[in-house]
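Per-chain residue numbering starts at 1, and chain names A, B and C are given in the order in which the chains are listed.
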Amino acid sequence: MDVERGWLAELMGFLRPDQVLTGAAARRGYDCDAYTVDRFPPVAIVLPESTAEVAEVVRWCNLRNVPFTARGAGTGLSGGSLPALGGIVISTKKLTQILEIDLPNRQMLAQTGIANKKLSDAVKAAGLHFAPDPSSQTVATLGGNIAENAGGPHTLKYGVTASHVVALTLVTPEGDVVQLGDRVPGGPGLDLAGLVIGSEGTLGIATEAWVTLTPLPNHVITALVAFGTVREATESVAEIIASGTIPAALEIMDRGILGALKAAFNLEYPVGTEALLLVECDGDSAELVKAEMATVDAICRSQNCLNLETAEDEVARQKLWTARKKGVGAMGRLAPSIVTHDGVIPRSKLPEMLDTVYEVASRHQIGVANIFHAGDGNLHPCFYFDDRDPDQVRRVVEAGEEIMRRCIELGGSITGEHGIGVEKLDLMGLMFSPADLEFQAQAKRIFNDGALCNPCKILPNQKSCVEHKSRWRGMAW
Amino acid sequence: MKELSALTSQCIRCGFCLEACPTFTETASELESPRGRIYLVRSALDGKLNWQDDVKPHLDRCLGCRACETACPSGVEYGNILELARDAIEGQRPNRPRQALLKVATDPGLMRLQAKLSTFLPGHRIPNFVSRFVSGVDAEVDKPQIPSDWHVAPLLAKQVPPVRGEVYLLEGCAMRVLFPRVHLATRRLLRRVGYQVREVKAGCCGAMHAHNGGLDEARERARDLIQAMPDDLPVIVNSAGCGSTMKEYGELLGPEGVSFAKRVRDVSEFFLAEGLAKKLMDSPGLTNRTTYHDACHLAHGQKIWEAPRKLLAAVPGLDLVPLAEADTCCGSAGIYNVTQPKLARQLLDRKMRHIEDTEAEIVVLGNPGCHAWIAQGCYESARKPVVLHLAEMLEASFIGLDALSD
Amino acid sequence: MKLGVDSLDFLQNAVRESRAIRHMSPHPFRNAPLPEADELDLRSYRGLIEVHPADQVVVVRAGTGIRDLQTELATQGQGLPWVPGPGEEENLDLVTAIGMNLPHLGMATHGSWREWVLGLTVVQPSGEIVHCGSRAVKNVAGYDVQRLLVGARGTLGIIAEVILRTCPLKALPDVAVTQAAQVDFIQRTLPTEFPSLVAALGDAVVLADKAASVVYGVGEPAEASTGWVLTAGRYAIADRVQAKYWQRAKAEFDPSGKLNPGEVQL
């Protein structure tokens, strides 16, 4: 405790008292993010207000050999901002300014603690937006999006965060401040920004970023299609993609989700509906958008859809999106606990993968609902269960691992947008050989060859983490 | 009431509430967010944290605005969690100064007396020695000022339709003393749509007590109120905070509260349903640049956003401009501006910046707490916009604004 | 010594046994070869390994020529959004184009190789064969080493096989350049700075593409406040941060300096 008091005194040497949170409540409040299975408390939380202050804190951590972990809004689903070895949590939530808007070049410079949605709000009047749209976009920060290389429903057409962040200011794990990337992308040289984006905060702390702004489409048509079998919905997705049409979004919700929506919001869909497919086509030419939607329409009808409802105006479109947007929240009302998995497969394998998901869930006797980015082949099977029953928890873990193994067998990935964090450390060995992992470790060491900056994430078997892991693994409520 | 532990376990920690929470956006601290507070409460229930030292300071800083409930995808009943947790804390160790403040604020007689007495104290603001007694820091709020009465000619029978029904009007505590004009305007509007008020003696609804850890006292007042308003008449409320609590009497009292709660109507929803919009369209109207602030307990507590805006839109000639972050708390939050003056002031400054941006001459809202607090901000501002209750504004569409000038 | 590579085994053995290796095809924008290095020619290690038109993914050997790849993909209704600039060898092999992250005329709308490379099979200087990325179009598992190797000029590992994202034919960029010309530099700026750059370059401009705000020119490039330039001949790094981290990368991936010596002036 004396060491701790000494630390705090030193931190307050360059931060105001209200920028340093400590004590039992603070340690508890920051011991996990939205991934709640693993927890560990930090010693203190700091709230720096500039890049210089972040760098100063990081240099101090290096001086005192204190682990540090960056945190934005704490909406991560794999424990990316869990302070796995304790130490200091560096919050970016006081870095929320938009610093420059360059409308002619469609770019914006912002601090990374700002919520994703605020970027789009700021340029909406100019007909632009920041394209990555994770479901948590009203709160998830730009910095968190950069750390996780966040996606969202519309990344099928517009690309993930890495395609929309061109340059960033990084406080390196040693506390240096460097500029990476270029406002003009595509240039020669090492793509250092590209390596940092998606590195889950293990290669430093991004404090500012230049992002690209995408024009809002002039014409948007949304369709909600009901199918009598999940397979017809997934086959439709494969056919739509194969036809050469790239919709802005292609999302599927299965009966489990529809049940939750009925329980929570009394939303009703046609009798016999086993799956809903949400398709959005957009573009600047009304005719092209209509033609795309006609292709979608024809494919869905050839797959015997039960009902196809389209909407063009904003209010009606939002109504069609309700099922997708409220689906996971509604799940909260089905059971005390939910685990949302995040696996990817080549989209042509969707039909057989879905069969696997249902088979695995039924064999393990766990409830499952699926709500996912079908166009990207990005699955989100949600298991609902009672976490007070250890046997159910064990079955959920086993079922999840089986599904991930199948994703890998089919040539996919163990995560499409949630990240590895601490959640999927043990699965990395399924997807990558020891040599592949060492190859990644080499890349990591370019920026981070110590053990202080967001330790124990992404790569399994890190020194000082293996032994410590038992202290944070499975510390759920 | 549901059990606190069950209520907290509904939170899946997604964090969608964070940006909706005014105290989180001001402080950037997870501990001043709904998710953080729920986690702290849950941890105290599990014996991992101490209610008084660890949890209470953060619950004290909660405005109770319930913007988080609007943002929550999982339907977590934050308002209930807050009331139950505060009640648990208050039950362990009562906060005497705050109780004294509550007593004054919810007793019309005492409040009127205090307001009169305060004119003898030096200065405009509540003296710091009083503020420190409650909050530990200097005051940010002025002493209560009671606006002058409103002298208008009574409505003539030929101006209004025949009476088609009776309603109750909650006169309440603070509203009755601080804004008697609002009740007068409400009565006139009710009469314009064919309703008259059945007069009863009824007092405070218990909202302030429920919000501040006095659930038993709130229940007592709720029962008194229900008893005072028998039969199946609609209960019209023009104070959002009271309306919100009264609509949740079922939670507070169980079955005896449920049927009463169903009769409670905010003025805006009642007037819209009873056709006031059409009458407004035929009124002389107003041309002032006007903006609308959502009282938290109207928007987040009662989910009423549209009704007041539709009524204002029906006022002929009105230049209605949207207010940025209209449904973000102004910092008044019952007695918050006295118990947490610093944060309350930051939130008022934020609200005032948005109001200034609209260049509005009039700010319309529907709750006495916000009314007094935003009026303070407007009084301090250079442009000095006027704050009016929705009922005052709508009545002014018929009789003009001059009748409202002091 | 010059060696033609026709299998992964052969490549692996050659890398193990050599002390200095140059392995990309000749290109005007590459640096002059060092005489003491062995030359590995991957162009005979070519051909498609897997094509998945429904997934818009192709797995291909890195010696494959881009024109050959495009021809194969077109039979499946797919293609790469690659639009070579003036003077560009049309059947340039992937290992060279990706190694240099060669700019092209579809950049503004379809991005660069960095966006299209989903995964790589890489031979390390030790001869170890490693994989990164995956066949999934959306994947955030682990570090994106593939992004780092695109544009690394073959100095961090030898790209042997590539997983590429393809594009439906009808969504390919609609630009065609047939003009063959000598090009000394490729330069790109922000759209708003593009007109003044073109004006400053004057007669040096061989092709100015406004859509991508890219200039192909002869002689000397002009100063621009924002953007980048790629010049023929000696590729040197001016940016201090790039240089520092390239050195660190080199120390991690190829500490003995075996791969493409002289390709980058650090």
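The definition used in the following text is that contacts are C-beta pairs under 8 Å (C-beta built on N, C-alpha and C of every residue); 3 or more make two chains touch, one makes a residue touch a chain.
Because the structure is a prediction, the values reported are computed rather than measured.
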item	value
Category of the chain touch graph - line, ring, star, complete, other	line
Chain pair showing more contacts of the two, A-B and A-C	A-C
Centroid spacing, where centroids are CA-atom means, of subunit B and subunit C in whole angstrom	63
Euclidean distance of C-alpha centroids - subunit A vs subunit B, Å	38
Computed distance of Cα centres, subunit C from subunit A, in Å	29
Sites on subunit C touched by subunit A in the complex	52-57, 77, 100-101, 103, 107, 111-112, 114-115, 122, 124, 128-132, 134-145, 147-148, 150-152, 168-171, 188-192, 213, 226-228, 230, 235, 237, 239, 241-242, 245-246, 248-249, 252-253
Contacting residues of subunit A [partner subunit C, same complex]	102, 104-105, 107, 148-149, 151, 155, 159-160, 162-163, 178-180, 182-192, 194-195, 197-199, 238, 241-242, 244-246, 344-348, 373, 376-378, 411-420, 424, 428, 431-433, 435-440, 442-447, 458-459
Subunit A residues touching subunit B - in the complex, by the definition given at the top	18, 21, 23-26, 28-30, 32-34, 36, 45, 47, 73-75, 91, 93-94, 96, 113, 115, 117, 136, 138-140, 264, 326, 328-330, 332-333, 336, 338, 477
Residue ranges of subunit B in contact with subunit A within the complex	9-10, 12-20, 27-31, 35-36, 39-40, 42-43, 46, 48-50, 53-55, 57-58, 71-75
